[in-house]
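Here it is, the structure, as C-alpha cells.
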Amino acid sequence: MKVSEIAFLLHSTPMGESEHEIHNVAALETAGPADLAFVEGARSLEHAKVSRAGCLLVPEGMTIAGKTTVAVPNPKLALIRIFEALHPSASPPAEFHPRAVVAPDAKLSADCSIGPNAVIESGVSVGAGTRISPGVYLGEGVRVGVNCFLHPNVTVYSGAQIGDRVILHAGVVIGSDGFGYVFAEGRHVKFPQLGKIVIEDDVEIGCNTTLDRGSLGTTVIGKGTKIDNLVQIAHNVKIGRHCIIVSQTGISGGAEIGDYVVMAGQVGVGERAHIEDKVIVGGQAGVLPGKIVRSGSVVWGTPCRPMSDHKKTTARLARLDALAEKVKALSQRIEQRE
Amino acid sequence: MKVSEIAFLLHSTPMGESEHEIHNVAALETAGPADLAFVEGARSLEHAKVSRAGCLLVPEGMTIAGKTTVAVPNPKLALIRIFEALHPSASPPAEFHPRAVVAPDAKLSADCSIGPNAVIESGVSVGAGTRISPGVYLGEGVRVGVNCFLHPNVTVYSGAQIGDRVILHAGVVIGSDGFGYVFAEGRHVKFPQLGKIVIEDDVEIGCNTTLDRGSLGTTVIGKGTKIDNLVQIAHNVKIGRHCIIVSQTGISGGAEIGDYVVMAGQVGVGERAHIEDKVIVGGQAGVLPGKIVRSGSVVWGTPCRPMSDHKKTTARLARLDALAEKVKALSQRIEQRE
Amino acid sequence: MKVSEIAFLLHSTPMGESEHEIHNVAALETAGPADLAFVEGARSLEHAKVSRAGCLLVPEGMTIAGKTTVAVPNPKLALIRIFEALHPSASPPAEFHPRAVVAPDAKLSADCSIGPNAVIESGVSVGAGTRISPGVYLGEGVRVGVNCFLHPNVTVYSGAQIGDRVILHAGVVIGSDGFGYVFAEGRHVKFPQLGKIVIEDDVEIGCNTTLDRGSLGTTVIGKGTKIDNLVQIAHNVKIGRHCIIVSQTGISGGAEIGDYVVMAGQVGVGERAHIEDKVIVGGQAGVLPGKIVRSGSVVWGTPCRPMSDHKKTTARLARLDALAEKVKALSQRIEQRE
C-alpha cells in the first residue's frame, strides 16, 4: 500500500514520499523502510526522529523534518485501521478435523472450524466463522455465536451462552461452579450451582481467566468488555458494557460493575459491592463487601478511597516518622516550661 | 414434590397451599410458581414479599402474608436438602470413551467414566463412580478415589493421591514441582522435587488452582476443605480440615493451616507461617513468613494484625491529614507564646 | 552409593560409617537409614539430632555425635549433586505417540518425545531430548530447543521461540495476545498484537502462568530466570537473567526487570516500570507505573519504598492510635494553661 493510499484511507494528506510502499506496521524502534509506525506523546517523538520507519502516523499539526508522515487525530487508532487494511482477517478455512469429538446432535455451522481433540457435547451450537481450537471443551447445550475465536484448551461448562465475535484465550474457563457452601454439622455443604452465564458480544477474555456461573441467578459479562489474564469472576457477578479489567483482579460473588469501568491489576472487589459507571479503580485496591463506589469516581487503596485522598495519606505516611518526632519534641517542650 | 412433602422431609409444617407442586429451586428474584426459594436476612425479606416462588423456605417464626411457606432453622441448608431430593445425583453412565488413552496396567473401576482424550499413565487407579473428563491427564501411579469428578483439562502429576468425593474443576494442576532452587555459581540450581501430595476426602478445588507436591516432604489438603479458583498452594503446605480458601489466595512453602480456617480472597501467607484453627483472615491480608496466628483470631492487613486494631488504624489513617494539621497548629501556638 | 563415595564426589571426608549404603535423598524428618539428608541452620540441627537418616550433609565445621556426616560448604547444593548422581536424568524414550497430531512440515528431532493428543502446527521445530506432554499445543512456527520439558496442557501461540533446557509446567500459556486497546467511538478497539516472545535457555515457568507476546515489540524472559505458578507477564516485558519471580506476581506492559532480581509473591509492577539489577521486592508490594527502582535496593509496600523505611512506617502505624491520643492530650494541656 502506498503512503498516498494510507493517507486517503485516513482522510488525510501525506507529507514526504507519497509513492513509498508500506507492507506492514511496526513499533517506532524496530520499524524498517517498509513499515508504518505511529507517534504519540513527547517520549515517542524522540524515537520518531531516529526511526527507520517508511512512514509515520503523527498527531495533527506535527511534522518531523526528513520523515514521511501522515497527520491524523488519533495515530494509534489510525495504525489499527491501516493494519486491518493490510491484513484483512481471513475467515479461517472451514475445517472440521477428523480428530474432533462431536455429539451427533450438535449444531455446527458449515462455516465454522473445529480443531483436533476439541470435544463438543450434546446440544451445542456453534455459529458461522467461529474457530474452535484444539483441546477446547464445550459442555452440553453451550451456545457459541458467530466469528468467535476460542483458543486451545478453553473449557466451557454446560449451558453457557457466548455471543458473537467473542475471543477466549487459552485456558479460559467459563461457567464453572460458584464457590458457595452452607456450614452445617461441622462441614461445608455444597450449595447447588444451577445458574447461568452469559458472555455478550465483542467480549475478549485473557488466558487462564476463570468465570463462574450464577448459583441460582446469572453471571453476565456485558458487550464489549475486555478482561485480561488470570482474572477471577465469581458467581452472580454482573459486569456492564465496555469495561476494562486488568490482570489478576478478582470480583466476588454478586458484585455489580457498571459500564465503562476501568480496573487496574490485582484489584479485589468484595461480595455484593456495587461499582457504578465510569469508575476507575487503581491497582491492588480493595473494594469492601457491599460498598457502593459512585459513578465517575477514581479510587485507590484498601479500603478504597478517592484517589486524591489516598495519595495524600500515602505521602503523609512516608513522613509519619517525622510527625511522631515532632509530637515528642512538642511534648518535651511543654513539660520543660511547666 | 408437593409442599407438604417438602415440609415433611424438613420436619416442619407448611403454611398455605400444602398441595402445590414444586419442580425446582430458584433465586427469590427469578423463581416462578413451580419453584422453591429461600429467605434469609432482612434484605431478602423485601424480595420475598414480591417473589413469584410457589413456596418459600423461611426462618423459624417468620410468616409472609399471602405466601406459602415452610419454616426451618436454616432455610439455605434446607434448600440444598430439597434440591438433592428433587435431583438425586445420578452416577454418571460408566462410559469408557474409545478416544481415551489408557496404560494397559491402569486399574480403572468398572463403574467409572473416562472421557475422550483423557490420558491415563501406568500404575494409575481410579475408583467407582469417578468421572474423568475430556483432556484430563493422570500421571504415573496417581490414585483417585471413588465418586470424584475431575473436570476437563485437569492435570495430575505422577504419584498424587486423591481421596473420595473430591471435585477438581477445569484446569486444576495437582502435584507440580515446588519452586525451590539453590543459588550457586551465579545461577539457580533446581532442588529435587520428590515429595508427595495428598488431597483428602470431600475436598473441592476451583478452576486453574495450582497445588505443588512436597519438595522432600508432603503437601496435604485436609478432609472437607474447599478451595476457590486461581489459588496457589506451594510445596510442603499442610492445610487442615474444613477450611475455606477464597480465590487468588497464595500460600507459601511449608506454611501450616489448622482446621476450620477461613481465608478471604487475595490473601498472601509467607513461608512457614502457622495459622492455627478457626482463624479468619481478611481479604488481601499478608501473613509474614514464620508468623504464628493464634487459634480463633480474626486478622487483617499487611502485616496482619487483629481485625479491630487494623480497622482502627485504617480509620485513623483517613484522618492522618487532620492530625498533621493539628500538630502544626499546636506547634505554632507554642512558638507564639514563647 | 557408599558414604565414602558421596564424600569423594563432594571433595570431602566422611565422619562415621563410611561403608554405609545410601539409595536416596529425603527430608531430615522422614529420612530412613538408606537416605541422605542435609542440615542447614539452627532449627534444622535439632531435627538432625533425632533424624534416622543414614548420612547427613552438614556445614563445614559441624559434627553431630553418633551420626554419620559429610561436611561441605553448601549442604543443600551438595544434596542436589548427590541426588543427580543417584538418579541420572534419563533422556525420555523417544516416543512419537500415534495419537499426536503433527503437521507434515514440522521438524521434530528424531530424539524427542511427543505425547498423545499433542497438536503441532505447521513450521514448528522441536529439538533433541525435548519432551512434549499430552495435550500440549504448539502453534505455527513455534521453535522449541533441546532437552526441554513441556508438561501437559501447555499452550504455545504461533511464533514463540523457546530456548534449550526450558521447563514449562502444566497449563502455562506462552505468547498470547497482549491486553491492548484504543478507545474510540464508545468502544475498545483491539490493537494488533503482532510482536514476538523469546524464552531463553534454562528458564522454568510454573503452572498456569501466562506470558503475552509483544504488541509490536518483543517479550523476553532472560536465561536462567525462574517463574513460579500463576504469574502474569504482560506484552513487551523484558526480564533479565537469573531472576526469581514468586507466585501470583503480575508485571505490566513494557516493564523492564534487570538481572538477578527477586520478587516475592503477589507483587504488582506497573506499566513501563524499570527494576534494575539485584533488586529485591517484598511480598504484595506495588511498583508504580514508570517508577525506577535502583540497582541493589530492597523495597516493600505500595507504593514501594526502601524496606527499612516501610518497616518503620508499619511499626509507627500500629501505634498511630497512641500518637493521636498524645496529640489530643497535648492540645488539652495547652488549652488549660491558656
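Letters A, B and C mark the chains in the order given here, with residues in each chain numbered from 1 onward.
As a convention for this text, a residue touches a chain if its C-beta (ideal position, glycine included) is under 8 Å from a C-beta of that chain, and two chains touch if they have at least 3 such contacts.
All figures in this text were calculated on a predicted structure; none of them were measured in a lab.
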Query = Is the contact between copies subunit B and subunit C built from the same residues on both sides or from different ones, judged by whether over half of the numbers are shared?
reply = different
Query = Nearest 5 degrees, what's the C-alpha rotation angle taking subunit A to subunit C?
reply = 120
Query = Just curious, how far off is subunit C from subunit B if you go by their C-alpha centres, in Å?
reply = 26
Task = Send over the residues of subunit C in touch with two or more other chains.
result = 117, 135, 153, 171, 208, 230, 248, 266, 284, 317, 320, 323, 327, 330, 334
Request  = Mind listing the subunit C positions that touch subunit A in their complex?
outcome  = 101, 117, 119, 135, 137, 153, 155, 157, 171, 173, 176-177, 179, 181-182, 184, 186-192, 194-195, 208, 210, 212, 215-217, 230, 232, 234, 248, 250, 252, 266, 268, 270, 284, 286, 302-303, 305, 309, 312-313, 316-317, 319-320, 323, 326-327, 330, 333-334
Message = Help me check something: in the complex, which residues belonging to subunit B touch subunit A?
response = 25-27, 29-30, 37, 74, 76-77, 79-80, 83, 87, 97, 99, 115-117, 133-135, 151-153, 167, 169-171, 202, 204, 206-208, 224, 226, 228-230, 242, 244, 246-248, 265-266, 283-284, 314, 317-318, 320-321, 323-324, 327, 330-331, 334
